[in-house]
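For reference, the structure I am asking about is given below.
Residue numbering begins at 1 within each chain, and the chains themselves are lettered A, B, C, D and E in the order written.
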């Protein structure tokens, strides 16, 4: 509750900041401060401190897990703003408005981590999506940004329709919008209810860009301003996953055996399309878009069946993946062109940048000693504990090997191909900011429980 | 056949025909107008169901505000009928077939749901659709989503400002 | 004690990143590797207590290091190889040599970790730690086609290790207690079908690493394109990781599956042995020849492991060490030749015995050790290996035995083309052998003969592993 | 005793190390003295060991365990008994002489190469001693391979010559084929008996642990080993080529010692062989066939060393015939006499070659009798000895084998007779062409012709004496001897069995063989006294001159197909099939990527269409889950 | 009135909306079709609401079972309004840049 209220308030404050305070730097610092406050407010709920104590009448349910998920999202946003603040202000002259949108998105995300009612799911998703449409099309002069915005909007609205039909079906079958269906109305094993769940499944897959509902992802990520792609691909996506988890952790039994068919189908198509298509991209940005699809394939593992591994794993995965992606996009922003050739010879020109890029890529590829490894590890463990077949894991790992193929292309370009990197201007401190992310990944690569232990204290 | 049924079928036919007309109209303005008619038909259904509040809101918000917005935009753009590009017939056919099969599947799902067979919808009667009970519930049980949707509006507003501002 | 073996190279590696001077960094690395050699000799002789520390509490994974006979002998091999390699290649000039050596030492840390780890997750970690520096080493300092070749090698082995990861998790989810201790996995109750699944997963990883026919095609290319120091590491020590895995994992943990797969694996290995030998006969590139020869030898060891006879496994335990030493010697000689002649084509060589008799003698000595002439170290191992195979199936041993003849053919061909004949234009360029390489080779040669004449210490070292594997 | 036996074997090793490591430091003189000295020292100790055996019987000494594991124990044990002590004497004795000879023969080499030569030679003696002294098959195998190695190194001693290297490789590889047989035999023993020590194996042979099939298999495999080392059909072709090495090497390795290792091995394990009738027959047949085949080839060879080489092969065939018919004593006897006279002949040939400045073709010689008197005389003695004319040593040993063969099966004898005739013929053809008639070489050669230095002639003389009189150790009873050798070897091969032949028959057989030999000698001298053979261009002559085309046959049937196979594997299978499959996978992924990419058309309409279709697909999957799920369920659980 | 009637009607409208999305190229019309889909859902929700209300009445005369669906409809309308404002803003911006609202024109980003 604290998170929702404070983030909404902060959003409003940021809105007004754009009138009152002009300096982009100071706006950034206000946003950072706001985020810090947000994190504190969110965490203080654990100690029983509430901004407003209110009975949500079963709309929201606050759990330690949800609050921790919030914390992760807020922390990621903090890192994101800290690193990309200057880039954000370069797009248009609405930096404060963008920060406001971030806060609104975070508000939506907080709803998504704590909803207990499908209505709140719907509202939360819309709160997440609408600002994203805006962010995507925020570069008004760029045709690609326009195009991406419109594509995203049309498809997003369409998927909202599907989501609503699904919710309606469930309501028709159970007479309730509650996540945990009360014992009234019709009972389980209803065809309509399962049909509704599948429709929700489709809509959620769309939000987390799982194949075959991923089509918007590459275009939108590619078209959107890189700095916002970074946000969309990481924090927004993670929030979507938390929502996805919440729905299906409770409801997955309703689908019975079908679940063990439908989910693997989606997982495998996601991995296939994400990984295989990424192989051929010459644009790093677009490749990262496909790779984010592929990563979603791994994250879907957590949905298979609730377990500690799934719950912890999705947190770890979301965090690690986001950190690596923010870092990777952070490097990409500074490149003058997005092609892989742009990275040629980066190791010579800027060894530190090349090193952190390598760590990010390692983490994305899931190579041990980086956090990405444990993220993938938890996912595999989750699905095996859930009793799914080993074949699924093997297929996933084969695709992971393919993913190495395209991630390492960048490493090759940086280290082994001589050339002049198309590097834009970089502030002296910038690589060190990225280094913080890299170090974070390395630490999590050896001690993943540093992140997860907090779930239990 | 009771009046109710006659009304129901008439409104349904009206709604479906108008909806189809939305698709087939070449002129976007006509489409908008047909869509408004669909909304009216749906509002009619709401009245049949004694959901008076929603019926009114539907007309005011949807048919009134939103559709007028659409109309304005279309007129703003001055899209002419002859300029309006059309998809190839083949693509359209595929679209129709896909939509049709989607409908078939959804109907199949409903048909499979034996639990709702023969269940009746309460027409005309019932107080839940009136403003008073709705308002009471909305501001007691549903005040949280209500407040949160205000945030949604705020963000939409910011967005419109960002995008709309030159 | 055990931890320090791993930490010394690791810390030195980090330290070297800041030392730009090539000569100084080489010296530091040499000192560090000598230190770990000293410690490992101490450990091999006196044993060392296990190192056991909680690591990832949530998963019940521990930093558990344990040195049994198998680990000791391989650690010894590793710690002997690295100083020798550094000594031999110390004078080679490379760009950014400190980083080169640093990565090399990281590999060493990874390798040592693999051999010492008693915790599956830790094992996997080191497994990858050993691989990744090699990727950079080969790709940056390798030959002409280095990028594509190394990439193939990397993806290949990475795919394998991912399969192993799946296997580890599979075991973890099926083990009685949720922890990663390898011994604990032995208590996992697996149905034969599950055993087979897990077996296949692990086997793919190890088979690629060794490599076993037909998964070997990355190897000759990788050996050919890598800088020689790395080739030495790969061929002397890294391929042993696969065999180590078979001994540590496949045989004890999946006895049923290993037994039922034995015939297939042994046959495949033996086919691979002959296959590689035949191809080696036709090689003109000296590095490729050694690579194929290595494939053949490793295949033989693998066959003996799966034949699962006490005597054969004993042979493998010895041969792990011996093959490493021999192949190291061969690579060193090949490196000196390549460095100075600038070619690897044996057609262009010849007359080495006239131009540089010492080098020729060393080449011949290692060549004969490579074909397991009695009184060299390889004879002991291969003798026992063949014995094991013979116990498994005489025909298999007979077929595998053909490789004894084939190996003689390709090795002698190599010796003839490189060392004998009139001095060729390329050989004319070989003017000196650097002292480091010469001493490294001589030390290795001493080991070759010492362990060939009196291999008993090696037997004693590995006795406990054998005991564990066969006495239940 | 432990020390003495240890020193016997260590002296040569010391020589090897001394010469090998110090090849750049020592002068030629020191090298020569040391190398020869070590062997002589070894010889002296061998004599001592021999006396010791005579007096106290066999001695086994244990040094350390080579392999000592739970399942297998292979000690480094040396055994000096009747058999090995004899071989010790031969090896170190003949070895010493040849070392001495070599000091002069190899004078032209530079010091490092000179040292290398002696290092190899010392190493050879060491290996040979290891072979002979070992108390188990593994130690024997070590020596076995060791001598193979030295043979390889010495054949290819002049390494700049490509053909010599090819010959060396051929020798080593062919030996390896045999070695594989030997190894398999050892494995068989290990598997069945768990031990490879002679004592244990031979004791077990008569017990139940080994079935007769086992024994046959083991002995056949051992014999395969012997075939390789002792150049029997089909593995004999390396020996003639091995003449590429320096002549003293041919004398020592390829005539006197190494090639007889096979005979030593079979004699050593005669208990096993006696248990297998089958193997014995095989050995006898292979032996006599080799004897005849090699003899026919020798008739038409013009290279002085080649003739001797084929003669060696042929004589080895006789020895195997002896082994095959159970005349172990006879075989060993022949080994000893053959060691003397063949070493003599080779050294004589070496002396000739030395004098002729490395000319080996006998067509270009002739009339050397007067120029090289000592060589001539000693060579003649060698020829008489090998031709089997009494009272020279060859007669006694060959006769013993042939008599035994006659007892077994007269056909062996008759065939042996033919071979003996041919032997006499080609040896005297060689003698006559080389030493009689007129000199056919260049003027330059004629000018420089000279008798060899004393270091070379002394061994010749000593060996000639030995060749002449060595027969005394095995004079058969009918001639009034008591066959000392037979008595000496009783402990090894059992008591000499009573001959079933009457004295008259025996005399008759001797008579036949002597007369055939004499006739052949006369014919040869008559024909070749004045002229030499040219190179035959047609008919049998050509076939024989070309060695029955066996090399060509091997080339066509074995070498080339295998070479093709290797090339096929390398160029087609490896490159296209296996690596092709790997790269193909990569290409497939790329192809798939290109295809899937097309789905991402950039058109929102299509995107939504695909989405709806996917929803439909999901529903269909869900509806049909009865069938599909069953399939997936099986996969997943 | 049987619930099936309403369900079929709503599904028909919904699928007409889907078909519209699939067959039209004008971004505004596509968006309108999406609005049609939302309305179909609304209708269905209200119908369900009244069905459950019927059940509720059978148990207690003061039941307000089913009212949550009508409130849901209200929220859908609210959100739809917000979405429309943003959506139309994007479409207008697009139009300003390209002078077209043809979705087929959007194909710079592909593959």
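We take it that a contact is a pair of C-beta atoms (placed from the backbone, for glycine too) under 8 Å apart; a residue touches a chain by one contact, two chains touch by 3 or more.
Note that the structure is a prediction, hence the values are computed from the model and not measured.
Common partners of chain C and chain D, by the touch rule above, are A. The chain with its Cα centre farthest from the Cα centre of chain E is D. With B-E and D-E as the two chain pairs, more C-beta contacts join B-E. The most centrally placed chain, judged by C-alpha centroids, is C.
In this assembly, D is the chain whose CA centroid lies farthest from the centroid of chain B. If each chain is reduced to the centroid of its CA atoms, chain A and chain B end up 32 Å from each other. Between the Cα centres of chain A and chain C there is a gap of 43 Å. Distance from the chain A centre to the chain E centre is 27 Å, each centre being the mean of its Cα atoms. For the pair chain B and chain C, the distance between mean C-alpha positions equals 71 Å.
Among the residues of chain A, those touching two or more other chains are numbered 119, 123, 126, 130, 133-134, 137, 140, 150-151, 154, 158, 165, 172, 195, 218-219, 405.
In chain B, the residues touching two or more other chains are 87, 91, 94-95, 98-99, 102, 106, 109-110, 116, 141-142, 145, 149, 152, 155-156, 159, 163. Residue positions of chain E touching 2 or more other chains, listed in rising order: 3, 7, 14, 17-18, 21-22, 25, 30-31, 51, 66, 68, 71, 75, 79, 82-83, 86, 90-91, 93, 103-104, 106, 108-110. An unclassified topology is adopted by the chain contact network, corresponding to no line, ring, star or complete arrangement.
Under the contact rule stated at the top, the pairs of chains that touch are A-B, A-C, A-D, A-E, B-D, B-E, C-D, D-E.
On the chain D side of its complex with chain A, the touching residues are 589-590, 592-594, 596-597, 599-600, 602, 604, 606-608, 610-611, 614-615, 617-619, 621-622, 625, 628-629, 632-633, 635-637. Here chain A touches chain C in the complex through residues 312, 362, 367-369, 373, 377, 380-381, 384-385, 390, 393-394, 397-398, 400-401, 404-405, 408, 412, 415-417, 447-449, 452-453, going by the rule given at the top.
The touching residues of chain E, counted against chain A in their complex, run 3, 7, 14, 17, 21, 27, 30-31, 34, 37-38, 40-41, 44-45, 48, 51-52, 55, 65-66, 68-69, 71-72, 75-76, 79, 82-83, 86-87, 90-91, 93-94, 97-98, 103, 106, 108-110. The touching residues of chain C, when paired with chain D in their complex, are 152, 156, 213-214, 216-218, 275, 278-279, 281-283, 310-311, 314, 351, 353-354, 357, 368, 373-375, 379-380, 383-384, 386-387, 390-391, 394, 397-398, 401-402, 404-405, 408-409, 412-413, 416, 419-422, 453-456, 459, 463, 466.
For chain A in complex with chain B, the touching residues are 4, 8, 11-12, 15, 54, 56-60, 92, 94, 97-98, 100-101, 104-105, 107-108, 111, 117, 119-120, 123, 126-127, 130-131, 133-134, 137-138, 140, 165, 169, 172-173, 186, 190-192, 195.
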